[in-house]
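Here come two complexes built around subunit A, the first alongside subunit B, the second alongside subunit C.
Let's turn to the complex of A and B:
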């Protein structure tokens, strides 16, 4: 915000809160995605919506400070996770992309099913965030939004 | 683990690494290393398939008609191998010819995207999966063709983008209708179901026509070729070389695959269509090429004409016809790419590709002249080169299947090809510019930029062309086995479903 006189404190507070809510909700969607509506793609879109709201109010530089890593690296990390999820089954001498599952008893949450599809979905989640933020940030920089 | 998915993993690995590495030289070295890896892999797969016949993998361990199958028969392995050569050469060429700015902005990431799409389409055993690989390839090509944002480039890329999106739309609509009728997407399963139907109900025509039109647009066949000459001369030369070598050929590959698996059940309807598309692409491509005066435009129109040869080979629908089509496809990928590479160098040297302004190249750059001679006259079909064997096989197959007139047309088209190649040769390499402009009017100024890697790439391709021409017999025999496998599609079906 260059122009301090135009600050709108309510808006800023709300947006900061809003972004956090969106990200947490997107993680919830990501985790329930395998058997219920949700998943990596929609989770990624919702999380990046939160980030975009933040960028609209505070500018892309502040957003960059919040997310710490560059959006391009998000894409890289996501693709890497996808590759790991695809190749992991080959270590257990099955074909690529076969789902591997483990059951774990966690004290509070009960029995958890975790597996390679979750890694894959997380990869998709990161790629979607990375792609959308890359596009939006570069558009905002061209339009000199900040 | 089976080896087939590595064809997709290798380019994918590069894409991931390219997002993290920011140093241009490391990226270049890495792209070369992975290009070599891909080549070695393609060679290994060709060797295995040559002995074993076919290879398959079920993704995610789901059995055949339900899961996604990756399958490589001899035809696919041959195509993968040739495209690996082309890709390696273009990568080597790009390192020097593409400007720093593009290299820094991850040029190679997108060429590897194309490689991933091309490899994936060649081994896809599932029609929707084939579509997905087409999209992977197209997305990368959309970016590459508009990459850099020069004015002419954007004009070309809009035409390219719109027509290719339309073709994707046709393709996926065709798949949708086919799936609605058949309840299956696996190519082998579809072929099995089609063969059980016996008489071919007209129910399937909409979907199959949509598929055919989709592939014909991608492969730049006769009524649908307009996007190709409108766009291929606009991007950087290395990009158009890559496109010329790989993209249209994937469309043709898919057409041959679909035709041999199920379109042939209704061949009294499809055969004349395919035959006429082939003849008209051949004739119209070559005639329009002769009227052009731009180096790359002539070559672009020739792509259409050469694709026509492949398609008439398919339309004969005999073992020798299909073998000739496969051989010709391989030959054309090598020769065409090399011709574009030389055109790229000429552009770099003289900043123009208009035939009228060029000339006098042979005296100063004899080696480049020879390299162009090899690829151009291989396209025209002169003896020791691969084009001669390819055309000979096509014409022989035509005569054997009593299509004498088609064979004659192919011969005459060869003559016109020779004419326009000679035109380029004389205008660019032989013509003495000094006599016309007797002043030292700096018209023949050379940029004199280094071209060590570029010429190495071109030499690799030229040598492959010569090898393919001189040792045509074993290669043609391999193609014949591949064609036998294609015609006898029961083998493919049993292998995939069994």
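Let's turn to the complex of A and C:
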């Protein structure tokens, strides 16, 4: 809303909290995605839902100030990560997009497997956030929702 | 030491990418740093020159592979050495030269990025031992040269020239891809060394003609041979350092390289011989002839390049060991003098602001050193002693004389081209540098003392190299013999000499020189005559014809697109549903005995029935509602209902996605709805009835297919494979996610690319309207 005559402090506080919770939850989903329900797609949608609600209450400009990075850059970063995950295996004499894994013994969590699919998934996560935010913010700018 | 070659080629690519990072730190000094990479390659190649045995081929496999058959092994042998030395050596000089030439351009970083990537692609091309890798590098040179030619993209002319060269060379590249696939199918491998080892005779294969024609198109387009020659004069729109590099050692010479490389596989047949000789002869003569009628120094040089390329294609077409030897020597000759002359043209342009030879005069005074280098290069171009050009030209004559049967036509045209070259060289020298012309001297903005030394280094090194190799041509013997072994598979002693003694070849040379001088003396009427023929030729002006055809093609494509992409969302949906329905109905008709399967249903669950009832009611409400807001809310209820359905059947991922997507869409709708026009019933009764029928039938069809899908197992379902291997091979228990990011990662890659495109489309669409409104 352009004029802040209809300010609602409780709503603003809740949305600020809501966004942070959603982002943290989305990262949690992204990381557990390989073994439990979750993953890059869902994580990305959840995070962007948080951002969108924030933008609806505070306007797109404030959202831009909070996330600092342009939504289009999210897409670029995401595609770059996917590309890295895709091409990394070719340096190890396997075909592109083959999963590479390393085992790591972490004291509390036990043996962890980390690999290129996680990089890939993170890329998907970033692209989804970027795409949704780009579309929504473009629409909101036409509506002068800043 | 040579095993570091793949590493250095990789470094070229990386340095190109890093330019954008390094440029803000180094500014003008960036060129110095970048020039070290090609210099390193040159030194490395030069050091291998000494210990390379005549039969030795060094192959360096790299771990890098795109697909099973497409890996990137690199090879050093005589042929790739010659090309590699010229590419890296001239590349080093060009980068230094460009660092001063480009200093006033605002997009310098872009320029060096393109240039380094171009250099990397070209180096990769000549050293790769895999046909597919060669093709990839080949296309990369086309793309990067497109960026370089169109570098001044604010000029309409540059953009057009760049597009033209991309379309033509890209078309040739596609032909090369098909040829590579065919060769790979016939021999079973893409690796050139293995193909040659196998000794399978491609020339007797039934598909030989097809393969050859494809390769031929690739070569003719890349090397600017008639009738595809016209993109090269246009390409001089590029900044001069690029022209110098493009003409002397790279790009157009890639076609020559391919011919020499593939000669053992495809060469020697009559069709190979005659098509190359024909196109080479025409190109050789036309290029030399047209060069005389030009005013712009760069344009003159561009046409002489076309002529030189024609000569090389012709020599390869003749195909005797002697003619191949001549073509290799001539490649070195041409690279040395053409690179130098283009750099001189750039120096003249910078110092006087013009390249028009009818305006320029008396440059001897402000640019003494440049004049000396230019004269040396021009002597080499005219084929006079003591430059290497003389050695090359003598060899060419010998090769042409020895050709049985065809020498009566090739020799006169060859001598004719040489006459023109002598005349052009003399004209350029006298018009631009000589003291006693009547034209007023152009004031030079920079005299030589104001130019930095590394700006004149390039032509100097190249001219002196030409002179040195002309005096001691024996230094090239071993290298040429090595390359000859690669292309002709026979060992031949190469003895290059400056002075052959007095023989028929020398008589021909003297004859050509005398006639060239005569033409030079008569240059005014001759130029007028040539200009007239060019005007006459302009009826068939190939660039114009090419652009007309391209525009016609675009217009027809545009019309067709308008017919299909009409912009009415409802008709898109209708087309989609009707087509789906038709396909489905055929499937139902063929595959199912009964329309609805009777058994195989699970028990009806109470909660699901309630869910369905609510969803159906919401749906009916949405259809008959007279308010847009309530219709959208009702659609939202349907969406949540579907999400709940997913949840009840255990698809948690899907359910979450569905809920979130539904929420976002609803929110967006509610935001936009305020700005939409008032709700009105615009559709007629007939169209509503039509829509009802279509939607009901599609719904019924989909329902039938879904009901059958349980019992339908045409193929073994793949899901068991995923279930079994998900944890063991991909270390993940969530099968859906493992499929997304591992088993089917390529699909996901495609999907996110589509998403990105959608976002870019929406973004540009809205940006455009916002800007228009704000105006």
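In the analysis below, the second predicted complex is superposed on the first by the 141 of 146 C-alpha atoms of A that agree within 3 Å, B and C clash if a C-alpha of one lies under 4 Å from a C-alpha of the other, contacts with A are read in each partner's own complex, and residues count from 1 in each chain.
We take it that contacts are C-beta pairs under 8 Å (C-beta built on N, C-alpha and C of every residue); 3 or more make two chains touch, one makes a residue touch a chain.
Since we're looking at a predicted model, the values are computed, not measured.
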- Contacts of A:50 with subunit B and subunit C, given as first, second, both or neither: neither
- Just subunit B (first), just subunit C (second), both, or neither: which does A:75 touch? both
- Note on the structure: Across subunit A, the partner (subunit B or subunit C) reaching more residues is C
- Report for A:90: first if it touches subunit B alone, second if subunit C alone, otherwise both or neither. both
- Task: Determine, under the contact definition given at the top, whether A:99 touches first (subunit B), second (subunit C), both, or neither.
- Result: both
- Footprint overlap on subunit A, comparing subunit B with subunit C: 72, 75, 79, 86, 90, 93-97, 99
- Partner subunit B, residues of subunit A touching it in the complex: 72-73, 75-76, 79-80, 83, 86-87, 89-90, 93-99
- Name, in rising order, each residue of subunit C that touches subunit A in their complex. 63-68, 652-653, 656-657, 660-661, 663-664, 667-668, 671-672, 675, 730-734, 736-738, 740-742, 745-746, 748-749, 752-753, 755-756, 758-760, 762-763, 765-767, 769-770
- Going by the contact rule at the top, pick out the subunit B residues touching subunit A in the complex. 1-2, 5, 9, 12-13, 15-16, 19-20, 57-61
- Note on the structure: Residue set of subunit A touching subunit C in the complex reads 33-42, 45-46, 48-49, 52-53, 56, 72, 75, 78-79, 82, 85-86, 90-97, 99, 101, 113, 115, 117, 120-121, 123-124, 127-128, 130-132, 134-136, 138-143, 145
